Amino acid sequence: MYYAGIDIGSLTAEAVIVKDGKVVAARIMNVFPNPVDSAREVMGRALKSAGIGAGDISSAISTGYGRDQVQAAGMAQENVSEISCHGYGAFCVDPSVRTVIDIGGQDAKVIKMDGSGKLMNFVMNDKCAAGTGHFLEVMSRTLGVGLEELGPLALESKKPVLMSNRCTIYVETEVIHYLQRGVSRKDVAAGISRAMAERVVALARRVRPEPKVMLTGGVAKNTAVRAELEKILGARMERPSLDPQLIGAYGAAMLAAKGAAS
Amino acid sequence: MIAIGCDVGSLFAKAVVMDGDKLLASRIARTTGNVASELEDLLSAVVSDAGASRNKVERLVATGAGADLVPGADLCEDGVACVAAAAAYYLPDVQLAIDIGGQSITALLLDPDGDVVNFMRNDKCASGSGRFLEMMSEKLNLDVSEVDRETAAAKGPVELTAQCGVFAESEVITHVNAGASRPDVMAGVCAAVAKIVVAQGRRFGSAGHYTLTGGVARTQAVTRIIRQKLPGTFHQFPFDPQLAAAIGAALLADTD
Amino acid sequence: MDEIRKLSGALETDHVRKWKAGGGKVLGYTCIATPVELVAAAGVLPYRVRALGSAQTEIADAHLSRFNCSFCRSCLQLGLDGSYDFLDGMIETNGCDHLRGMIENWKYAKGFGFFHYLRVPQIVDKDSFAFFVDELKLMRRAMSDFIGAEVDDDAVRAEIERQERIRGKLRRLYSIRERERPGLTGAEALEVFLAATASTTDVFEAELDRIIREREGHEVPAPRARLVLGGSATDEVDFVREIEDVGGLVVTDMLCFGSRAFWTRELPQQGSPEEDLARLYLGNQICPRMFDEFHKRRDFIFSAVERARADGVVLVHNKFCDIHGVDNVQLRMALEKKGVPVLQLEKEYGARADLGRIRTRVQAFLERIGDAK
Amino acid sequence: MKMKMPTGLFDKLSSQLLVIELLPRPVLKVVGPLLVPLKIMPEDGRSAAKALMAPHVRDASIEFLKMAAEWMLAAKRARKRGEKVILVPFNFPSELIHAFTKARPLTSEVLTTLGVSALPGQGEDYWNVAMGLGLPDHLCSANTIELGSILSGDDLKPDAIIQSAPGGCDVNSKIHEFVAHYLDIPQFFLQKPTDDSGRGREWYGKYMKSLVAQLEEFLGEKLDEGRLRAVMEKANRCTELYYELWDLQKAVPSPVPNLFSLLIYGTRFTMWGTDAAVRTMEAMVKIGKERLAKREYPAPAEVARCLWAYTSYYYDFFGFFNWMEDKGYSHLGDGLDLFFPKLVDTASMDSMLEGIAEAAWNMPMTRQVGGESMSGSWTEDVVHAVKELGADCVIYCGHHSCKQTWSVASILRSELQKRTGTPMLMLQGDSWIKNMTPMSVLQEQIEEFISNVVAKKDGKKRKIRRRKKADGAEQSAEAEMA
């Protein structure tokens, strides 16, 4: 029996197909303007790599901000919030994890689950997008380095600069200001990572994270932010065995399987 | 007297060469990393545009956040003084100048002599800034210079309600996904920017005679809405409004 | 519901226009601490200031700041752009700092044809009670001066009774809403209440009777979960609808555009009309602006949860709303201690942009209190 | 017994102040400046010490620090002595508490200011504690930093809270209410009727009396008339000194160092009515007089005389005051200094309690935005101070969570312009949290304001339009109707 999870975020789309709790196919791509097109495309790619047809999927769950439309388009039997999906996905990857920090394009979430992966509590950034994936995206663009280079670069720094603003748009001009004054890229990058981590921690405090935290979402790939988070929170940031960007879709697929089981 | 005015803002550096109050040449360049050499190039380029030689230039006046970075500046003037000077000099009736920069909006109240009675800057809400307009048009695969042409085709502008610039971006995407036309979405962005500017412009009561300077004032799609919403008489700045501070700096070359 | 919508869907409704055309006067007020009885007894229509979910603030922001509550900024905008020109005057109460600022700027920038400041204590004891009784006498005097005729005891008593009757019927409507199979949604209930704050008692009472008749036997689709909504002043029907869209039926509330305005009112023992009203209003103010009585608010929401057999509570506050911003935390802690799940939301008034993220939170909350699908 | 490193704001500060308590003044005078380069203090604390130990303020600073030490250490030792610690907001006349033998007052906002100025991290951790509980980030940092430390459960826990902000400030009253509930300690109320008629004032007097009764019951101590009189006489002495400083401040250039703005209300809100307060005020007056005689001024010239409409910025280790001074910008005090004390009639218990009620009624915030009209008495006070002190400009710092002043700041500005022609600069920055608006941004705007608006008000105008007419330049771009 095959089960699928489709996660349409604001920047990327993911599809995961599972069989007997094992991932048989997973695909990530950048989103098209329309969530349903993204879902079709990414799901098509996943089916292809699994070597099965849409008919072989016994049930699918959509999640992410396009979840309603994807279900409405008939590609999923159900839609579940990305908050539950990330929690359950992380739990399925490592049942000992009780806290997940998920940082997506414009959302940052801190999720707590119980021993069965059931959602217990969560917080999500309210009015401000500082401390989300978008923040790092803008900053790396301003720094003129690739998103994936940002982490390694920051780790080289001995004396990170202090970002005194909160708003993404202002931190951006602060970055320009530092660069104009000849501050080294690595020190600015480190300052960015710290600012990012501080925003996330400010959110995390509201649910009192457990000492063992799993970091998911695109930002989990940023080694510098991860290091900063561990420093400030004094908690270990588990890296999921699965690509951290896939956790949401994986959780959706596992929920589909669970739903069919019960 | 031949003078250079150089305004180093948060996003762009602008340089002008002026003979008294006559604009001989101007240049605008985006600043990136190595600003010192960028400014060197900018200055020599604008001087040669003016058909003058560097030694004919009697004074170099710098202004803006990066004024201290301008090589060989004879003096530095703050942004308020420069914008006020430019607006006051060319627009004798203007009582209020609203300068919309890369990241802040400043309303300047002028007296009959053209001196500053008071000013107020909003630098806590990026949604009215030049950078915001830029980010939003980027999202719609537009260059800011194309915004006017694009919005000309707008039927019914969408309404943006997000307070945070970044969330406004997702609101923009939502509207696009909901099938709103690009002109309508872009027009909505312009309306959002205009609203913030209008609020700032009203800060000193009814404006009377006013003008708009700074990069955003180049975009008619924004200024049109401001002129509808802001009471008073609008006066068009006679040159590229993004140059206002640089021009003001040059005008102040021989006053202290 | 259509008639109700006609009464609540706009600021200057046909009803208000007709009333004014007939020579009727309208006075605005901003806070549930205002005894509408004294206004109505003078034959004047009391009209609660609200913003219909409008997020426009560019005129207001030139007076208030972006650090002020967005609901108050929206109201000021409508006050200054002429939408409220049908008001013949304003009764201010010191509800909260943001409301005070809103009215003060409105007054400064535009002025009011008639203005009265009703000073409401923030602590209840015999001194403040006596003070408030005096305040009500002053207000009654002001009303008499406004209409140029004495507002006598009988008129006030009659109005107190009429209002009590309407409150009773509103409670009746809420019982239809709170029962096992609710007869109306939270969004509908809010619309009914909004109509109450914008129309004459006779017209509203007739509509209320009709709704009660219609909905007694009616049943709305079974929800995914039953919720109590509490927090900042909000007249945003869309916001409630958004919550109910994802399956959380708002079966009762703790809103001042809602039950807080009428729930715990009981007919006071006969003293002077002012004493009765003082007991009625000062004695039953379920609002975080009041001090030394958090227990009242806690018990209010506890009993709402029980009465309505709610599965969870949503506590919302507008960004910069200080009194609810803090009180919601105290309420959340008290509710969670009792094992009641709580979702705390902070939002900008009328910002449809935020609805998407709010929707996600509410859905996750339902998944959390539901079967954690 | 084992020693534990203090982690709370109060505990950390008071352990630092132990040194101050121990060292005699002459020693402090010599050692104080030496402390600065020494590594025994955290670096942040040292930059604050540098500002306090600057020669022209040192004597007053030392008295102030001695006073602070006495104030905080008394609270620290209260429990051992069977006394109770009562947390009060800045707008409560703490001299009333000093008149009891079994009570010690602590003022949350002053503790925050000292903490932000002397502790590494500037109290941000305590702010985070409050945020961690889910409290909204638009609360006032002045309260939230100190109260966050108390909420952490790892700091001195007060025995009771006095609430004097209901009616004056929602944020202040709500956060104090929250703490009282969270710690389950009693709160006593002094409610301010938002009422400018006499009735409210009468009622307020009643409230003060019933508050005293409640305190007497709580402390199990009758307020002693003789003791109260002793306190009020010292309070009266402080009042006289306050007006001496006020008059000194009228001199041009101002002989009163900028930092004194903070020291004055720091004294008012903590130890008013004690010998330590009298000593501190005397030290300030002495310095002011000497500087007046010597015509001393830190900068070559007094460029501007600035009155701060409400609060100023305290997150810069007092450096901000000195920055202004070096620029020639005199800080003529801020709204917190506008508490207009009156000499109290010490004839009877009643007259003294009435005097305390009057003092409370005239406290900053209570008196201004706590009025029926939020802008009314605020405007009158600022106009009065501008005229008396000859200020040529007013600066509104735009403290983020100060919703009441933000609500009516634009009214204040236009009224100031109308009534006195004085320009007011409106900034946007938090007074106690450093990473809300960078100091450089605020300083840049202040310089722009003073050089364009204030200094050029007369004389140094550029009159660019007149110059142009002289140039006989061509017609301006023609106007188009909007």
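Here are a few things to note about the model shown:
Every chain is named by a letter (A, B, C and D) in the order it is written, and numbering of its residues begins at 1.
One rule holds for everything that comes next: a residue touches a chain if its C-beta (ideal position, glycine included) is under 8 Å from a C-beta of that chain, and two chains touch if they have at least 3 such contacts.
If you're wondering where the values come from, they're calculated on a predicted model, not measured in any experiment.
Considering the contact criterion stated above, the chains in touch with chain B and with chain D alike are A, C. Farthest chain from chain C (centres taken as the mean of C-alpha atoms): B. Remark: chain A and chain C have CA centroids separated by 40 Å (rounded to whole angstrom).
Chain centres here are Cα means. That of chain B falls 44 Å from that of chain C. In terms of their C-alpha centroids, the spacing between chain A and chain B amounts to 38 Å.
Across the assembly, chain C contributes 62, 319, 346, 348, 354, 356 as residues in contact with two or more other chains.
In chain B, the residues that reach two or more other chains under the touch definition are 123-124, 163, 167, 170, 203. With touch defined as above, residues shared between interfaces to two or more other chains in chain D number as follows: 134, 410, 437. The touch graph of these protein chains is complete, with an edge between every pair of chains. Remark: chain D residues 128, 131-132, 134, 434-438 touch chain A in the complex. Looking at the complex, you find that chain D touches chain C at residues 133-136, 138-139, 163, 166-167, 169-171, 173-175, 177-178, 181, 187, 189, 191, 193-195, 199-200, 203, 206-207, 210, 369, 372-375, 398, 400-404, 406-411.
In the complex of the two chains, the chain A residues touching chain C come out as 65, 78, 80-84, 107, 116-122, 124, 126-127, 255, 259. Within the complex formed with chain D, the chain C residues making contact are 62-65, 67-69, 94, 96-98, 100-102, 104-105, 108, 117, 119, 121-123, 125, 127-128, 131, 134, 288-289, 291-292, 294, 317, 319-320, 322-323, 325-327, 329-330, 332, 344, 346.
Of all residues in chain A, only 10, 33-35, 65, 106, 127-130, 132, 134-135, 144, 167-170, 172-173, 176-177, 179-182 touch chain B in the complex they form.
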